[in-house]
Structures are given as structure tokens and as C-alpha cells.
Amino acid sequence: MNAHSVRKLFDAVRRGKLTPDDAVARLRHLPFEDLGFAKVDHHRALRAGFPEVILAQGKTARQVAEVFARLASHGTNVLATRASKMQYAAVTRREPGAEYRELARAIVLQQDRRKYGKGNIVVVSAGTSDIPVAEEAVATAEVMGNDVEHVYDVGVAGIHRLLASRATLSRARVVIVCAGMEGALPSVVGGLLRVPVIAVPTSVGYGASFEGLAALLGMLNSCASNVSVVNIDNGFGAGYVASLINRL
Amino acid sequence: MNAHSVRKLFDAVRRGKLTPDDAVARLRHLPFEDLGFAKVDHHRALRAGFPEVILAQGKTARQVAEVFARLASHGTNVLATRASKMQYAAVTRREPGAEYRELARAIVLQQDRRKYGKGNIVVVSAGTSDIPVAEEAVATAEVMGNDVEHVYDVGVAGIHRLLASRATLSRARVVIVCAGMEGALPSVVGGLLRVPVIAVPTSVGYGASFEGLAALLGMLNSCASNVSVVNIDNGFGAGYVASLINRL
Amino acid sequence: MNAHSVRKLFDAVRRGKLTPDDAVARLRHLPFEDLGFAKVDHHRALRAGFPEVILAQGKTARQVAEVFARLASHGTNVLATRASKMQYAAVTRREPGAEYRELARAIVLQQDRRKYGKGNIVVVSAGTSDIPVAEEAVATAEVMGNDVEHVYDVGVAGIHRLLASRATLSRARVVIVCAGMEGALPSVVGGLLRVPVIAVPTSVGYGASFEGLAALLGMLNSCASNVSVVNIDNGFGAGYVASLINRL
Amino acid sequence: MNAHSVRKLFDAVRRGKLTPDDAVARLRHLPFEDLGFAKVDHHRALRAGFPEVILAQGKTARQVAEVFARLASHGTNVLATRASKMQYAAVTRREPGAEYRELARAIVLQQDRRKYGKGNIVVVSAGTSDIPVAEEAVATAEVMGNDVEHVYDVGVAGIHRLLASRATLSRARVVIVCAGMEGALPSVVGGLLRVPVIAVPTSVGYGASFEGLAALLGMLNSCASNVSVVNIDNGFGAGYVASLINRL
Amino acid sequence: MNAHSVRKLFDAVRRGKLTPDDAVARLRHLPFEDLGFAKVDHHRALRAGFPEVILAQGKTARQVAEVFARLASHGTNVLATRASKMQYAAVTRREPGAEYRELARAIVLQQDRRKYGKGNIVVVSAGTSDIPVAEEAVATAEVMGNDVEHVYDVGVAGIHRLLASRATLSRARVVIVCAGMEGALPSVVGGLLRVPVIAVPTSVGYGASFEGLAALLGMLNSCASNVSVVNIDNGFGAGYVASLINRL
Amino acid sequence: MNAHSVRKLFDAVRRGKLTPDDAVARLRHLPFEDLGFAKVDHHRALRAGFPEVILAQGKTARQVAEVFARLASHGTNVLATRASKMQYAAVTRREPGAEYRELARAIVLQQDRRKYGKGNIVVVSAGTSDIPVAEEAVATAEVMGNDVEHVYDVGVAGIHRLLASRATLSRARVVIVCAGMEGALPSVVGGLLRVPVIAVPTSVGYGASFEGLAALLGMLNSCASNVSVVNIDNGFGAGYVASLINRL
Amino acid sequence: MNAHSVRKLFDAVRRGKLTPDDAVARLRHLPFEDLGFAKVDHHRALRAGFPEVILAQGKTARQVAEVFARLASHGTNVLATRASKMQYAAVTRREPGAEYRELARAIVLQQDRRKYGKGNIVVVSAGTSDIPVAEEAVATAEVMGNDVEHVYDVGVAGIHRLLASRATLSRARVVIVCAGMEGALPSVVGGLLRVPVIAVPTSVGYGASFEGLAALLGMLNSCASNVSVVNIDNGFGAGYVASLINRL
Amino acid sequence: MNAHSVRKLFDAVRRGKLTPDDAVARLRHLPFEDLGFAKVDHHRALRAGFPEVILAQGKTARQVAEVFARLASHGTNVLATRASKMQYAAVTRREPGAEYRELARAIVLQQDRRKYGKGNIVVVSAGTSDIPVAEEAVATAEVMGNDVEHVYDVGVAGIHRLLASRATLSRARVVIVCAGMEGALPSVVGGLLRVPVIAVPTSVGYGASFEGLAALLGMLNSCASNVSVVNIDNGFGAGYVASLINRL
């Protein structure tokens, strides 16, 4: 054991068998990883308000349920993304308090309902087909202790719909924008506001959308300077980044 | 000569040397292209109001001047695209009436000033860097006999600038939108209007704009249904298509 | 409520509590979106002859039927694209007048049979496999009040088939050309005619057609100047753009 | 009817109602396509030895059978590519002489067994997984009247296997090489021989083979000058081109 | 004029010619853009601490100098990115207080030295070749009123160099990570910290780095959840987003 | 037969019918491949410790079993990769000693348990989803006579997990690193060690991972000089290369 | 020396020191390459009518001249492709009979003027910008002993120009078609004729032509079955393949 | 200082102010990086035989000279890659023993001439244009203490040239293969040998070689199992990996 070997050094020093200088010298030659354990508690301390997260996709219902229950025992919130109803059924037998957010395909267990975010996160979607990704962002942000509002179906081809939502948008401390097809919405939203905008390209679209590539490139080339981008369909990542920003 | 060989068939029929049936049978076996001449005059008739066009890029100043002078002799308007000042200098010695549009990099000779377009063509650009492409569209549309207005620097990150130009936009019978970077402007313009929008992706941008690819994909995936697209930086093509539409 | 806050300004003016100049000044500072509702009726007025459109793909039969019925109540034509037979069965129970165009995979309800298009739209397809996309364009154009003709299976490898259809082509005010594989047909058609050509790349092809990418690039690089392009397989978009042009 | 209208012109000339000159002038203004029929017989004459070909993929068994029977009535050979066993079952009820080549997924009816090719076509495959594509090339070349030999499983990682087949290779007048993965075989074969090599990239491979793209690029960049390339998995095209060459 | 037409409405109300309700109704039907001017002053108010920014690339030295001087007259900080020494020479004649940051290729004029950022922004670079991009981020963040620290040349192939900088990293409220080649550094930094990480792919690399594409894809696929990405080489964008976050 | 024709030459020389010079001259003109058989035995001799390998994917259970049994009769180890349980069931009826490694999807028959590798091969995986690829590498390396250790789930976003495994890593003579998503792990591992690192990109990831392309590009651009790369998901190739290195 | 060691074997047999069987056995174990020299003369014999070819690009004028002179001494024709005028100047000092084909950028020395081709090769180009590539094909085919005709500037947007050349086309035994932009011409030409068509994509075009990629994909997806393709701008390769076919 | 703070802990323990357990607990909470220094000396020890390497490209002659001199003072070999003659001139003034390898564009200083490699490294190139990359690999391998042989210009289109070099190849403990165009050579070499093959794609080629992409994909898809790949044109990387393998 690592702690053990370090302890032996201190013992030797105390018993005068080793000078402090020699002890430092020896420590210097101990394999790096023997001290790797050192940060564990700090990490624990830093975790307050961070959910435990499971990527359910590709796991059996039973596996998800087992991991979910184990993580739930930590007392923090638990989030399983890209989860099926069948996986939820298995989870709920172990954790009756877990709820299933169908649109977001997420299983959520909220054991810690404190607010860690200082302001509002507003999640915007361009079309109705982008809503599953947007809802994954919503679920993530809520489970991380944020007040979340959403504005859906405000794509740029009907700019008046977006403008009609400016009141909601202006309440945001951070904005998440989910859009497929040409991925233009983050630029327009970014231009209207002075807060950070997290853009999520979605794989929604046909033909030359190339499974979200068109939207991704569009967002990376946004002419609005306050936009940064996460991976295609990565609602979870957007919700996570936005939550981090919102607790600053 | 083709007409000649056909005429000989008719002569033979008239002189009773060939029955009509035999003549048809022979005609059947004449090479296809012998009758290809038939449409030439019609084509000429259809050309009224169409400029003669030279792609100057890759040609010597002298070559451009020579072709330009020859085309000018037809009496129609002449347009040379992607032309340098040096090429213009050579042209102007032969055709003093030719003018150089520096921003558009176009040499224009207007000999026919009739209006063929029935309404306004409005050319929109997202940024100031897109203006050369937009100006090429303007020059093309004007040389084809259209009233042209333009609205520049109204990118989607400052949507109020675009909205402030709705009066001009609403006067358009056809709209051309030039945009680089994310190529989002055609979708927004398309959503505001009920006329055909010709989108021109420009190679303006950095990094992941990939020389106009991001804008191109964005425009092809436009969520506005009234948008069609031409090649990257193809201001000429957009001006040409818009002119065709405007004379319908 | 937005209207409410504006109304209070007018009230204050009427009661002499505010001069008109002050009221204008205040209005100037009201959030933009308070007036966002303003356009709704105008939009309605502009819609004559425009169908209500549903993208059926990805929706349940019931969802499609419900939306369809609601839109049908507006009295305009209704179009559902990429619809299955099962979705049609659900629709027809609510709207017995709706018909299913199997090749186009479209559900069509024609309540307004006026002609809005001034001339013919001709829809051309390169091969028989491109016909579903072509038929979607046909359905769209018809539902938007156009006379539509079609010329199918006239790919460029048998150029005589295309030439044999010149009579039909020459009647067109706008042409739509659907082609997969090398996407060469729009260039040839564009070269034969002097009207706008809307090119639709289709995902028809094998190997290096890369799901329509080869055709798309081919069309964007067309050497005919009267060609503009919509997204891969986007028959609806082509029909829509052509209809807009045809009512100019 | 086209021939009819032309015949009327000749009749009018014979009856002195029209001078030959006037007849030529009228012919000049007849729509181009009225004479398009002229080549039909020539085409027929040129077809000797060319099979009628059906792309079976995407058609119902019944459709394939019907078209197959109709084409068989011309007396030429008939080939259906990418055909299933079920489609064959339907065909064989109408054309009992048709055979199914399972590896090639081709239905073949040989009614004309003359040899049109002057020499041997040798079909080479890199791996056993490339054999279906190679067999499609074999079937095509045989049905077009060629003597065909094949050399399979001689990929470049075991160059001795290829060298052991030099006797067969050296008998070839044209060679077809099918290879997936890195697509290197055509270069090696091309370097060994002095006859035209038709390279067929196959979609065989994993990961970065990108469905045949790696093989395609490899073949296009072949350092052997006698290699030309057809589309990915296009065994039919290779067999067709090779047959054309072999009858020169 | 827009304000004028609104003013007439108020006048009519004051003179009793229009009820407030009617006035609201009319306003409802006024074109949207008539009120588009409204937000200008608010925008001004929101700008405190935001620099005026010029993209110098592609502009003449004189143009840059002119725009720079005009923006400087607003009293805010001014930043010109991708600027050459020659452009700086022209600027400094007009604005002697402007300084040139050679590594960042930026011209900076700091007229407002207040701190708007609440914490530290730490800018990290993987290699020395990434430093120009990193310095552009530093210049942007400083000009927007932030305390900035930097940690350079800590690429993942020498992980101990990065670990040795944990003290600096742990002082960050926001981190910017610039990396070319495989773009792996943001994932490692993201895993060490619990603050938002803005990743900037750089075009540094050879061969299959494809001008930054490899790094871009790497960062978008980061296995650390706190990473979002801006465009290739977009140090300005990263500095801007980080500054927005840091003033929350 | 080849040997036969060469033997006849020698006979003729012995019988004085041919001078040695003439025999050499004739040999010179014999087709190359007549001597191609020569190396067979050498190859056999070189094979010691090399398994016979079957790519089971795309073969029927029966085909796999048959080939497996035939290869097993050589007395060497046999490996079937990408094999299903059903294929294993068929194999085990013929070769009861064969075992199925479910995670690796590999069927393994070890008849030769000698160690050919001189040191340890350590197989590292970034995430749990990369384990199937890693296990294929493990199975391959073991079947080729190596001592294999593995370190799983040590992705770069939790660098302490990797550092905690330095003891294991430092025992490696060759390291295989399997990673999807951004593919950063080989660079970090490569930087920690001074032995060859074989990187295997996996198709694990979402959106812009593009089926392993992001990881592949990342690894090719590794800033660690001791990294070379095999194809996406090619655990077998990595195990094979590592085994070759380990027996040097 | 290889021949030497083989000769020793024969000597030993003659002198009775070795039985023929033992000699064969030893031969079996000689390294493969000892007999590799055997084919040299045959190769020489096969070369009649094949030019010696130098890729001049990237070589100094002096290097080109030196290699050129050495190859010229073989008495065959010599061809240097992608050669500059300066390189020609150096060559002509050594080989006064060499001529420079400026359009083709080729240096040609014809020492053997026999005709090896049995029929005509016709080289077709779509636009005037494709002529350099076409001329490289012409130069190659001529230097390999073919009668060559050409038809230039017959792009598909003016299909009548192509049809007007059917007489020339129909005289071809092999056709080469060079086209940039959408690369549609080979399909149309292929459809008109029943001879092999070699398609050469050129890098002519703008924007989304992506340096010839659009044309390349178009040609690979040709709907005409008699088309095969060589690399972008590879006029030499096309001329070479066509020459091989024409001497069959 | 880090060592300092640790030393204080030991002092406190010696002086009885802290129990060993408390000291361990405190250590546990020290920031990780305080102990990061520990490995430095070990690293030094591990470096024997490893050159110091400078990427000269993008650095001034003076910078290269300065770094070179500083590294030379360590007594190890020094290698500068992608260096110009001008940079060499500057280096040689400081380090007269440095030599310039023009083909490899490398500056080499050999101060340690011991052999670290146990066998031969053979470097193979497909064409003469690939030699600069091959020579960079040679220089790297030599500077790292290996015996290096090379076999150049043995591309797969002339397979006999490669076979003629089998003697040299069979002496290799590791092989490096550099090839552009279709990148087929590593597969053929890999198939001939049973040692690790490091493949280096080069950017040599035209058109669809896409700057080495075709060769890269070809090598990744190699059908020979003993091939792994480094980045395009990365001769240094290949030499480095091969050297590591050769000292095992």
C-alpha cells in the first residue's frame, strides 16, 4: 500500500534511522504513482453538486441498474443519459425515486435539490426535432442544481419567433442553443445577447447535413464571438459546461 | 454543307427520282448532326438582353482585350469577370466605353441599356469581406438589364441591422444573399420574405470554414424553403439566375 | 403582456401625461420583442396559395393526422412529405378528401384549386430511380397551384431521349431536374434552355456516389449559368422554389 | 408521328406544292427531336453481342421477371445484376433457360453464344471477399461473348501467389483487377503486364477503408500507367469496358 | 422616417382622433423594421468593458489606422487582431499609445484599465508553435479587463510538465487551452480541473493534421465534460468567451 | 510442373545435350513463376509461433468450423477473430480444446504454449467501451506466445488513473494503446515511456468522432515520437505487430 | 553475380558432382531474386513502340536534359511531361531534334515514326481550360505511334457543339475525354458511342470543384457503362491507356 | 520550493512535533505537483543513445544554431530536421563537427558513435521522389546508433526491382517503407518479411493523392499484418520508432 510505504519513511525518521534529508531523497525516487492517492479527499470535496453520470447506451438494463444503485448510495444526484425505458424499468426497481425523462432519454435521481447555479440557464432549440438533444441539456443542468428555462422551435427561418422570446433569453446567465440543418441559430442568439452561448449541433437534417457536420461547421464559423461548441448531439456536454459556468 | 445535302433529297423527290418514302428512309440514315444546324437562328433570337461573358482569370490582358472587342461588335452588353486592372487597361484601348468595377473585379460594357427585368433584384452581403462576390452579382444583374439594390454588412450576429433593411428587402422580386463563415444569412432572409432567394457561399472565413465549405453546407441545409444555392464565390452565376427569374 | 404595455403609453398620451415626443422616446427604449407579435395577420395575408406543409418522417401516424386536420381547417391546401401509407390511413380517417401519392410518398389535400403559377413547371428525372424525388417536386408544385409536366428517364448517357423531349422542355417557365450518379443532367438541360433550372441531386447511385455527394458537387459546378441547387433528395424544396418563381 | 410529318413534306414537294428550298426551310424549323428517331435502326445494328442489362436491386421479383422476359424476346443475351435468389425464382418461371450465378448475384440468359472478344479477359481478385465483385465482372464479360479466366486470392501481401499466376496473366488481352483494403493489386499487376488493366475498388475492408474509398484513391494514384478505374464494387462496368476493348 | 410615423400615431391619440386601442392595433400592423432603431442606446450601455475589435488581415495599413483611430475616440479599449508590423506603424502615428504584441500579431490600445473579470484566466499552450494563437487569446482577455496567467509548452507527451503547473492551473476561473497536432491537451487539463475549459485547435502540425482538422475533431470528442471548442486558430474567440464567463 | 521442367534442364546438361551456358540462357527465359515454388519450406520454417488466423466475420458457423479444424491439424495455435458465439459452438464440436473469449469475440486454440515473446506486452484502453478491441489485441498477443498485462479505463480526462498504473506500464517491452473519442491516450502513454507504442483508434464515440476518424487522426498526429498506428478497431493487427517486436 | 551462381550449379551437374535432383533441390533454396534478372530481355523486346518517359516537374533543367539524352540513345521515342520552357532549352542543346509542345507542357523526341495504333484516338475537351491536359494526352498518344484527332470546347452546356462533332467521334477506336467542373462530358460522349472512353477529370473549376474532386466523382459515377477513369489532370495516363488499347 | 516543504514535514516528525500518521495525512493533502519533480534524474539516466532533436522549420537560422549548440553541450548526438542550408551555415559556425545531409534536409552532430541497435534497419522507398522522407528516416536511425541500409526506387509497378533486393531486405530487423501515390509498397514488403514494418506515407503524387491522404489510407488498410503507420512525410517518426524497436 502506498500510504503504508510513505508512513514507513516517517517512522524511520522519527526513530532517527533516517535524516529528513535522506527521507526527502528517498521520496524523490519513489515511483510517482505511490502518491497518486493524495487527492482523493479533495476531489470528494470538489464534487458537491456534481452528479454521478452513466452513459446508458450499449449497457444492459441490469448493468445500468446496478451502477445506478451504487452511485446513488453516494447521496449525490445521479444521471443516466441515452437510456431506454427498459433500462429505466430496471433502475426504478432499485431506486424508486428515479424518474424517466422520455424526451431526453434520461434517468434522473435527485437526492440533492440545492441550487448551485447563480442564475438562469436558457436552453434554445431551432426545430422540434432538436428537442431530444435540448432536453438532455435541460436534464443535465437541472440535476446539477440550476434553474432552467427553455425556448423551443425558434429556428432562424422564422426570426420573429425568436425575437418574441427575447424576454426569456435576456434572463439567461448562460445560453445553450441546439440546432441541426444549417446550425445558424447560435449566431443569431449570440448576436442578441452578451452572455456565453454553448452551441450544440444536432444530427437533425437530410442529405448534405451529413449527420450534423453542416451544423457543426456552421457553429464553429459563427460570426458571433460569444459562441463555443460541443460535439454533435452532445446535450449532456452542453448542460455540463453551462452548469460549470453558472456556478462561477 | 448540311442544308445542301438535305436540299438534294428534296430535289430528287421533285424530279421524281426518289419517292417520298425513299427520301424519308434516306433521311433516317443521315448522320444526326447534319440537321443540328436547324436551331441556330432561334438561339440568336433568344439572346436579346443576354450579355456576352468572358472569364478573364487565367487569360493574358491581350487575349481578354481581343475577345472583348470581338464580342462588343455584336452590339450586346459585354461582361468580363475576375478581371485585373491590367486586363482592363488593355480592354479600354480597344473599347473606350468599357468601365472597370474594381470591387467586383469586372469589366463592363453597356451598349444596350433597356430594362429586361420586371422588378428589383436586391443583393445582400453578410460581411464587408463578402462584398466582392456581391458586387460581381450586382454587375452581372445590371449588365443583364435589371434594377439592382444592395444591402451590405447585415450578418446574422447583428440581426437588428438586417431588420432595419426590411423596406429595401421587401421591394425585391428576387434576392441574392452572399455570406461566408456559417452561411446563415440566406435562411434568415428567406424566412422574412416570400420571393426566391439565391444563396452564394463565399470563401470568406478561417480555419474550419474550409474555403467556403461550411457556408455551402449551411446554405444547402437551409431551413427556409425558398433558398437555392450556387457554387462558392459564384457571384456571376447568382446574378445570372436572378436575372433570368426577374424577366419571367 | 406586450400589447398591454404599449397600450399604457397611448393611454398616458391621451390623458396628457406624456407628450407624443416622450412616448416615441420611451417606445424607443422598450425591449424589441414587445412588438414582435405585430406581423401575424400580414403573414396570413401573404399566404394565399401557399400550402401548409408537414414533414411526416419521424412522426407517429396519429401525430401526422392530428396536425394535418388542424392545418386543413385553415382552408388552404395541405401537404405531408415523406409520409408512409400507414400515416395516410390515419389522415384519411380525419380528412377523407386527402389523397396519397405513393411514388412521391406525399399526402395531399387540395382545397384551393386556383392556379397561382403563370406558366408550366417541367420536372425532369435522369433515371427511374430518381422518380420518387421528382414526384415529390411534382406534388409540391401542384399543391401550390401550378401546371406541371414531367419528362422522366432522360439521363445524359442517352442524349437522344432528352432531345426527343425538347418540345415539352421548351414549354417550361421553370425547370426542375432530379439526377443522381454524376448529376450531369441539369447542365445539359440548362444549356438547352433559357429559363431557370432548379437542380436536385438525389442519393441514387453506388460506391463513390457517396449518397448523393457526387451529384451535388456536379450540380454546383455546372457549366450552365442558369442552374441553382437545393439539398440532396429535396424534391419538396425544388418544387417550392419553382412555384415561387412561377408566380412572379 | 415524326416520320409521318417528314413524309408529308416530301409529298408536298413531289406534288409541286412546295419548292425544295421551302421544304428545307421548314425542316430547319421543325423541332429538333422530330428527327430524333432516325438512328434507331443503326443502334439496333450496333448492338450485336451486347447484352440487355437489368439492375435488379430495388426492383420486385415480379418486375425483374417481366422486364427480363421482354428483353429475352429480342434474342440477345440478358443479364440481371445484383439479383437475389427470389428474383431468380421469378425469372426462371418465365425463362427456364436463365441461370443464377450465386457468387456474382447475377441472372444470366445466354441465347447468343458467339465469341465477340478476340482474346482472353483475365479477372483477378485480391482476396476471397472481393470474389462477388470479380464474379460480376466475369458474368458480364462472358455474356458479352468473351473467353474469361480468373485468378483469385492473390493479394499483394503474398506476392508469390500472384507471381505463380503469371502464365495465366500473360495470356490476357485485357485484365480486370478487383481489390479492397489498400487497393494495391492493380499497380502490381499493371507493372507485370503490357495490356490495359481495369481496376475495380471494392468496399471490402474495415475502419479507415471507408467503404472502398481507400482502395479507390489507391487505384487512381497507381504508379502503373496502364491502369484505369471504375466505380467502387462496379464489377459490371469493368466487365463491360473490358469486353469493349476485347472486341477491338 | 420611422420615428416620425410612430410620432404621428401618438399625435393622433393626443388629438383624440384615435383611441389608444386603435393606436395599438395600428402599431401592430406597422412594418416591423420601423421600430428597429430602438435598441441603439441600450447596446451602448451594455458595452462597458468590451473592446472595439478590428480584424486587420486583408485591410491596408491605412484602413486599419483610420478605423482604429475612429474606434479609439469612443474611449474604450481597441484591439486589432492578425495585424502586421506595417499596420502597427500606421496606427501608432494616429494613436501613439497603441502597443504592438508581436507574438500575438495584435495591436492593443488600453484606455480603460478597470478589471471586469472576477478571477484569473489561465491560457495554456501545448507547444511553442501554438504560442501565437495563445497570445492572441491573452491579448484579447487582457484588453477585456482580466488578469491573465499563461502556461506554455506543456504538451501531453511530457505530462510531468503539465502536472508541474497545477498550482497555476488551480488558480484559474476559466482556462483556455491551445493545441495543434492531436489536440489532446484540453482533455487532460479538463480532467484535472473543475472549471470551464475553452479549447482552441491550432493549425500547427504536418501531414494528416490537415491544417488543424485533427486537433479540432480531437477536441470536439474530448472525454472531459467541461470542454467546449472554438474555431481553428481562433485565439480571439477563446479570449472573448473566457472574458464573458469571467465577468459572470 | 515447375520443378519438373527445371529438372529436365539439369538432365540435359548431365547428358551433355546442353552446355551449362545454354542452360543458364534457357533458364533466363523460363517464365518467372516456374521457380516461384522455391520458398515454401522456408516459409514453413519461419512460421514457428505464428498462429493461423481466420477472420470469422461474414462466414457461416460451418465454414469457420471447417477452416478452423483444418488449420488446427497443423499443430500451431489457431485464432478466429470477430467470431460469434454461434460460430464458437460449431468450432467447439470439432475442436473441443478451443475456448471462446467473449469480450474479444475471439476463438482461441492453444496447442503451442511456448513463449516466443522476450518481455511483457501491456495493453492499455482509454474507456470501458474500448475493451473489446483491447481484448482482441490481448488474445492475439497471447496466442502468439507473449506474456500480456492490461490496464483498462485510464482515459486522459482522469490522468491520475493512468499515473497510478505506471508500475505496470514500466514493465512493458511493447505497449498497445486502444482509444476512441479524441484518441489522446497514446500520446500521454508514449510520453511516459521509452518503448514502442502501437496505437489502435477505436470507433467508440459519437457525432464528430466519425466512426473512429477523429481518434485515427489524433494518433497519427501524436506529439510523442514513439507511436505508430494501425487501422481503426484493428486489435488483431496491433497484437500481431507487438508480438513481432517482442520476439526480436 | 546471379547468373554466375546458377551457372555453377549446371557445371557441377555436368561434371557429375551433383545429380539433377540435387541441383533442383538446391535451386529451390536459392534466394528468389537470384533469378529475377531473367526477364530483362523480354521486357526490352516488349518495349517496341513504347516511349521512354520523364516526369520533368521537380527536376532541374540539367537533370532533365541528362536523363533525356541518355534515354534518347536507346533509339526509341522520348517524352518529358510537365516540362518548362527552360527545361526544353537545356534538352534541345543535347537533342536538337526534340520539340516543345507548349500547350501540353511536353518535350517530345520522335525517333520512331511507325504507327503502332490500329485506328484513331480522339481526344475531347469540355472547355478551353481543359486543353493543356488534353494536349498532354495527345502528345503521349502520338509519341506512342497513334493517329490522333481532337475535338475541343464541346462542354455539355452547349450540347449542339458536341453533336456537330459526331462525325469525328464516330471515327474513333478509343476516346479520351478531359473535363473539369461537373465532369459530365464523358457520360454524354460514352452514351453516343460504343468504344472505350477514358475519362480524365481536370482540376479546372472554382469553389466546390475542390481541385477536380467534383469532376472525378462525376466520372466514376458515370451512367454510361463504357467509361473508365484515370487520376485528376493525368493526360499522360489517359494517352498511355488509350494507346495500349489502340494497338490491341 | 517543493522539496523544501516536504523536508519540513520530515523535520517536524523528527522533532516529535508531528506523528508519522499525521505527516502522512498532511502529505495526502499537499498538491500533487509538489512531488512531481521526483523523476527527473531517472529520465536523464534513460536518455543514453537518444538524440536531442530540433524541428528547424519555422525557426530562424540563429535560433536553430543557438538551440543546437546548447543541446550539443549535453554530449549526446544532435539532430535538426527540416533544416535549410542557411540554417546549417549558422549551426556549423557554432558546431564545426555538424554535417548537413542535403537530401534529408537534416543537420546531424554525432558525438556518440556507439551502436545501440542490435540489428539492421532497412529503409525502402517506392520512388525517387520519396527519397527525402526516406533519408530523414535514415539520418534519424543513424543518429540513434543503428546500422542502416537502404533500397530505393523499388515501387510496386516494377515488382522485379523489389524482388531483386530481397537479400538486403532479409537482413533487416526492422523495415521502414516510404511511399506516396497509392502507398502499396508496405503491403508487398510486409508480405515478404516477418519483421515489423513501419510505413511512412509521403505527400508525393498528383490529383487524387490529396497530399498523401491516398497513401495514408492505403497503408492503414494494408493486408499485411506486420505493418504500422506514422504521419504523412514523417521520416523522423519512422526512424525513431524503428530505432526503439531495434534496441529491444
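The first chain written gets the first letter, and so on, giving A, B, C, D, E, F, G and H; residue counts start at 1 in each chain.
Note that in this section contacts are C-beta pairs under 8 Å (C-beta built on N, C-alpha and C of every residue); 3 or more make two chains touch, one makes a residue touch a chain.
These numbers were taken from a predicted model, which means no experiment stands behind them.
Contacts with chain A and chain G are shared by B, C, F, H.
Under the touch definition stated at the top, chain D and chain F share these contacting partners: G, H. Matching residue numbers shows that A-C is the pair in C-G, A-H or A-C whose interface repeats D-F, with more than half of the contact pairs in common. Between the Cα centres of chain C and chain E there is a gap of 39 Å. Distance between chain D and chain H, defined via averaged C-alpha coordinates, is recorded as 50 Å. As a whole-number value, the distance joining the C-alpha centres of chain A and chain E reads 24 Å. Separation between the centroids of chain E and chain G, computed from CA atoms only, is 55 Å.
Annotation for chain A: residues touching 2 or more other chains are 32, 36-37, 39, 160, 163, 206-209, 213, 216, 220-221, 225, 231-232. Every pair of chains in contact is given here: A-B, A-C, A-E, A-F, A-H, B-C, B-D, B-E, B-G, C-D, C-E, C-G, D-F, D-G, D-H, E-F, E-H, F-G, F-H, G-H. Residue ranges of chain A in contact with chain F, taken from their complex: 31-33, 36-37, 39, 58, 201, 203, 211-213, 216, 231-234. Those residues of chain C lying in contact with chain B across their complex are 32, 46, 50, 53, 118-119, 160, 173-174, 194-196, 198, 216, 220-221, 225-232, 236-238, 240-241, 244-246, 248.
Listed in rising order, the residues of chain A touching chain H in the complex are 3, 6-7, 9-11, 13-14, 16, 19-21, 23-24, 27-30, 32, 35-39, 41-42.
Within the complex, the chain G residues that touch chain B are 129, 160, 163-167, 170, 206-209. Those residues of chain H whose C-beta lies close enough to touch chain D in the complex are 126-127, 155-159, 163, 180-184, 187-188, 190-192, 205-210, 213-215, 217-225.
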